[in-house]
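Next up: the structures, one after another.
Both complexes below contain chain A, partnered by chain B and then by chain C.
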Partner chain A sequence: MRANDSDKGRFQKDTLLLLPSLLPLLLIFLYPLIQGLFLTLHKNGASGFTLYNYIQFFKVRNFFNTIPRTLILVIPSSILEMVLAFAMAYHLRGPVRGKGLLNGLIMFPLTLGPLIVAVGMIDFFKPDGWFNLLLIHVGLVSRPLQLLYNFWGTFISLTILGIGFIFSNLVGLMDSIDPSFEQAARSLGANGFQTFVKVFYPLIRSGVWNIFALNVIMQLAVYSSAIIVGNPASSTRVFSVVAFEQAMQYFNYNMAETIAVVMAIVQFICLGVVHYIRKKGYVGSASTFK
Partner chain B sequence: MNLQKAAGAPVSTSVQIEHVTKTFGRSTAVKDVSLNVPSGEFMSLLGPSGCGKTTLLSMILGILDVSEGEILFNEAKVDDVPMHKRDVGMVFQNYALFPHMSIRKNVGFGLEMRRVPKKEREERVEKALALVQLESLADRYPRQLSGGQQQRVALARALVVRPKVLLLDEPLSNLDAKLRKEMRIQLKSLHQELGITTIYVTHDQEEALSLSTQVAVMSQGVVQQIGTPQEIFLHPCNRFVANFIGYANFFEGRLEGEAGENFIFRSDSGLVLQVKKDRTHSVGDSVLLTIKPENIRLLDTPGERNAVRGRVVVSDYVGNTTGYEVLSEFGDRLKVNVLGFESYPEGTELTLYLAPAHLLMVAKE
Partner chain C sequence: MRGGSGIRRKRRYKWRRGLAKFLKALPFWLLIGGFILIILGMTVTVFLSAFSTHWFGTVWPAGFTVSWFVKAWSEYNIWLYFKLSLETTLIATIISLLLSVPGAYVFARKDFPLKHVLLGLYQLPFMLPELAYALPVTAIFYKLGLAETFAGLVIVQLLVGIPFSMVILIPFIEALDPRLEMAAQSLGANRLRMFSRIVVPQLIPGITASAINIFIRMFGAFVVILLISGPRMQTLNVMVFSVLSATGSQPQPMLDSLTLSLMLPLLLFTFLSMWVSRWLQRRVGK
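Up next, the complex of A and B:
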């Protein structure tokens, strides 16, 4: 009994050690979140609780359109990023000569961040940049392609960053699969495609969907590339652009917070959909159970 | 139950490995290995970790390409045949049961890949599971099975496709000692019933000797000796093989003379022993003499020939037997296993008897 009591006491003391990390979380994340939610329920400059901001969001096209515009930009780019990153990670799984260098090159944009990637893109994709000069030189196009300051500018920027993010996660995931599973499938008569479909993919499927969900959630908050290489006045007028506009140009923090809350709800819905799809297949360890 | 009928009648195949070498960059994992496994035989590749036995198995399965030499099934070259078309059943060391499939699906996987009709597939899976006595666990998942049960599922999965050759890569190494013994007996009876050509990789000499019709002892990528378990056990060809199968005491020296049906041997340390004559040695030869720790007896009285006096320096109690390291009067360290419960503490003076019939002359390398 006494031992239990002393254990209980020690546990409580140990819990206090969490405080240094919990306090900043409470102050920096939880308090602003509650404060933000509170703001959304007030009209700018007025007192009293109201759903005015939410009603406005869904009534005014300028606000409401941020949902389809963001999703049309982020979902297709995330799918493309997943396909490309998956193909590269699958090819580079296991021991491959020069793997470290290739991994580094693919993940390099992640270390630069969206701002440097966007500035680099401007130089590369401008009408007299390398990309257009090459296309014109080989005769694929007669006039420079317009890949900047529109939907495609942001799409490409998101793709470059997304590939790095997804790839970096997939490499670890794929390397964690015991190669004997594939060898066992092959020894039982499965060809390469059957081994992939029946054994390899089902084992990493759950992890793949998790990575996809994380990437979508991150990219739904796209801002700098939508401003620098996109068209923030129309096709890349995404959640963050409009929220920033409301806060910094119109000083309407209530509306800015409302947009942020709607964005969070869209993120949760995306997460829910992905989670639902993920749960449809095998979710569990991809190791042997010796 | 007629097991042969239950698993189908596999068409057994002979396996020839001819001058096979495998290199990885500058290192050679398997060096000029030639083996012949006749149809229906059970051959064990026995050797320590890193000796190349799993590499050799991987080449037979098709995971690895052969650098030099060739592998033939029934005298037909298979080096260029892709892994999924070789018809080789494999039980992996970690069993490699697909964790996302039930036991039934795991066992039926090979048949599904071969497009066996569903009804036949179901029947064969049932029979294969019955063969390993796991019918009642068909709908469970690998994570819900014990190590021994997983090993049997892996075996059923490999056998259900009626492979030409069955490969087993240390399948018992993850099991506890009791289960390992049970599984060994089950494996042996399965092989006797089914008659599939089997190649078994192990580092456990007891397993290899108990299961096999032929044993190939490997070291550093080279086959040191091939023979029946009895040949390997009674006549190890060199120091490595002798040491690997349990001969732990070695004496270098010379045959100085004869005494009836024995040679008189004098070790470099000065120890004089009589050893039974054989046809390959004669007086004057420089030889390596060896004896197993369990073949050394304790004598109550000193003075007999082949008796060595010494002092216990280490004792290691392991239940039915106790292992002793004894420092002889000539400075040799002898390993002795003594059956029974009597214990001799460190420092005890003992007289050891090395019977001429148990002493063996082997090549130095």
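Up next, the complex of A and C:
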């Protein structure tokens, strides 16, 4: 009995050690989050609960169009990133000469961040930059492509950063898969394609969809590349652009927070869809019991 | 005769298989090579353009000069913002580690009611758009007078620092052998002594890893800082962003010099972190 009692006392005392990290999080994260939900239910400068902000969001084109504009930018680029990064990671799996250097270079944009990538793009993809000079020299195009200050500018920036992110996660995921599964399939007579479709992919599909979802979450919040290499007045007028504009130019935090909440809802819907796709199939361990 | 043709056939077969393998791998290598070339091209052009006299429509800049770089540093007071970024990030890193090491220990070792809910709370900031909590934080900070202050910048950095260091530290502590802690306690060490003499020394690799990780993340933190920073109180990347978003105001070499000033510390930190993690691996391996 006594031991039990002292155990209980100790257990409570130890849990107190959580407080130093929990209290700041409650104060600067959870409390503002709840406060933010209340903000959306007030008209700017007025008191009393109202759905005015949400009604405005769905009535005013400027606000509502952020949903299709963001999605048409993020979903295609995410799919493209996944395909490209998967191909790269799949090929660089196993022993390849100079693997560390290649991995580091592919993940390099992640280190630099969106701001530096955007500036690098201005130098590299401008009409008289190296990319267009090369294309013209090879003869693929006769006049320079306009890849900056429009939809494609932000699209390319997202793709470069997304490939870095997805690749860095896929490397770890693919390393965790026991190669003896594939060897077994090969020795039983499956060809390379069959091994990939029937053995390798089913083992990592759950992880792949997780990474895809994380990447979509990150990219829905695209801001600096939409401003610097996009056209924030029309084609890349995404959620964050309008939310920042409401907060920093019109000081309408209520509307800005409403946009952020809608953004969170869109994000959860995307997560739900990905989760639904992921659940249809084998979900489990891909490493052998050792 | 028959033997000779057999060898030849074998050789041809081998050669053909080699070619097939090469052709199969070719698209992958083109993809990887192309992507790396674009990334290197972007990085090199920033370097070249920052130090070029002028560069229009040619493969190579017309001439090289450091005057843009020097001008960017003096005109934009880069040193001031760099120092501010470094100071706020360093202080926030230390505070987040001090706050989250005890919490991570409790999470790794103890069971208590609502454990999963609380763990979810620490992970929630990664799952929500940053704006959703950054905007009300800004509104509250302006009300309290914390916005556009040094303390305010440090506090919002914790929003990145605490959740990340928790998530990184918990698996590190779970991997430690709990028998050492039990032995220390059975030999009469009180909990503070056990924690400082047994747990923390074993945890140095984990603490270093999470310190580097959150430092780099906080150095690149953007959304919250952009919202709560004032013209005199802002970090380097927010300053660079404000110059860049006011398009057409500055010549390209100037913008590239600014970007380079942001890129160099990031590269330095990355190499440093790689070096430290390799050093740690060697030490732990022994």
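Heads up, the rule we're going with is that the second predicted complex is superposed on the first by the 288 of 290 C-alpha atoms of A that agree within 3 Å, B and C clash if a C-alpha of one lies under 4 Å from a C-alpha of the other, contacts with A are read in each partner's own complex, and residues count from 1 in each chain.
Keep in mind that, in the parts below, a contact is a pair of C-beta atoms (placed from the backbone, for glycine too) under 8 Å apart; a residue touches a chain by one contact, two chains touch by 3 or more.
If you're wondering where the values come from, they're calculated on a predicted model, not measured in any experiment.
S.K.: Following superposition onto chain A, is the placement of chain B relative to chain C best described as a clash or a fit?
M.R.: Superposition check on chain A shows chain B and chain C fit without a clash.
S.K.: With chain A as the corner point, what is the angle to chain B and chain C based on their C-alpha centres after superposing, as a multiple of 10 degrees?
M.R.: Taking the centre of chain A as apex, the angle works out to 80 degrees.
S.K.: Using the superposition on chain A described above, determine whether A:43 touches chain B (first), chain C (second), both, or neither.
M.R.: Touch status of A:43: no partner.
S.K.: Touch test for A:99: chain B only (first), chain C only (second), both, or neither?
M.R.: After superposing on A, A:99 lies clear of both chain B and chain C.
S.K.: A:123 in the overlay: touching chain B, chain C, both, or neither? Say first, second, both or neither.
M.R.: Second partner only.
S.K.: Which partner chains sit in contact with A:188 here, chain B, chain C, both or neither? Use first/second/both/neither.
M.R.: In the superposed model, A:188 contacts chain B only, not chain C.
S.K.: Chain A residues in contact: does chain B have more, or chain C?
M.R.: Touching more residues of chain A than the other partner does is C.
S.K.: Thinking of the overlay built on chain A, is A:20 touched by chain B (first), by chain C (second), by both, or by neither?
M.R.: In the superposition, A:20 contacts chain C only.
S.K.: Once the two complexes are aligned on their shared chain, state how close chain B comes to chain C by Cα atoms, in whole Å.
M.R.: Across the overlay, chain B reaches chain C at a minimum of 8 Å between C-alpha atoms.
S.K.: Please give the residue numbers of chain A that touch chain C in the complex, ascending.
M.R.: Chain A residues touching chain C: 11, 14-15, 17-18, 20-22, 24-25, 28-30, 32-33, 35-36, 39, 84, 87-88, 90-92, 102, 105-106, 108-109, 111-124, 128-131, 133, 160, 163, 217, 220-221, 223-224, 227-228, 239-240, 243-244, 247-248, 253, 256-257, 259-261, 263-264, 267.
S.K.: Using the touch definition up top, name the residues of chain C that touch chain A in the complex.
M.R.: Going by the criterion above, the answer is residues 25, 27-29, 31-32, 35-36, 38-43, 45-46, 49, 56-59, 98-100, 102-107, 110, 112, 118, 121-122, 124-125, 127-133, 135-140, 155-156, 158-159, 162-163, 166, 216, 220, 222-223, 226-227, 237, 240-241, 244-245, 252, 255-256, 259, 262-263, 266-267, 270.
S.K.: Taking the complex as given, what residues does chain A use to touch chain B?
M.R.: Chain A reaches chain B through residues 178, 180-181, 183-191, 194, 198-199, 202-203, 281-282, 284-290.
S.K.: Quick one: in the complex, what on chain B touches chain A?
M.R.: 61-63, 82-86, 88-90, 92-100, 109-110, 113-114, 142-143, 145, 147, 150, 157-158, 161, 174
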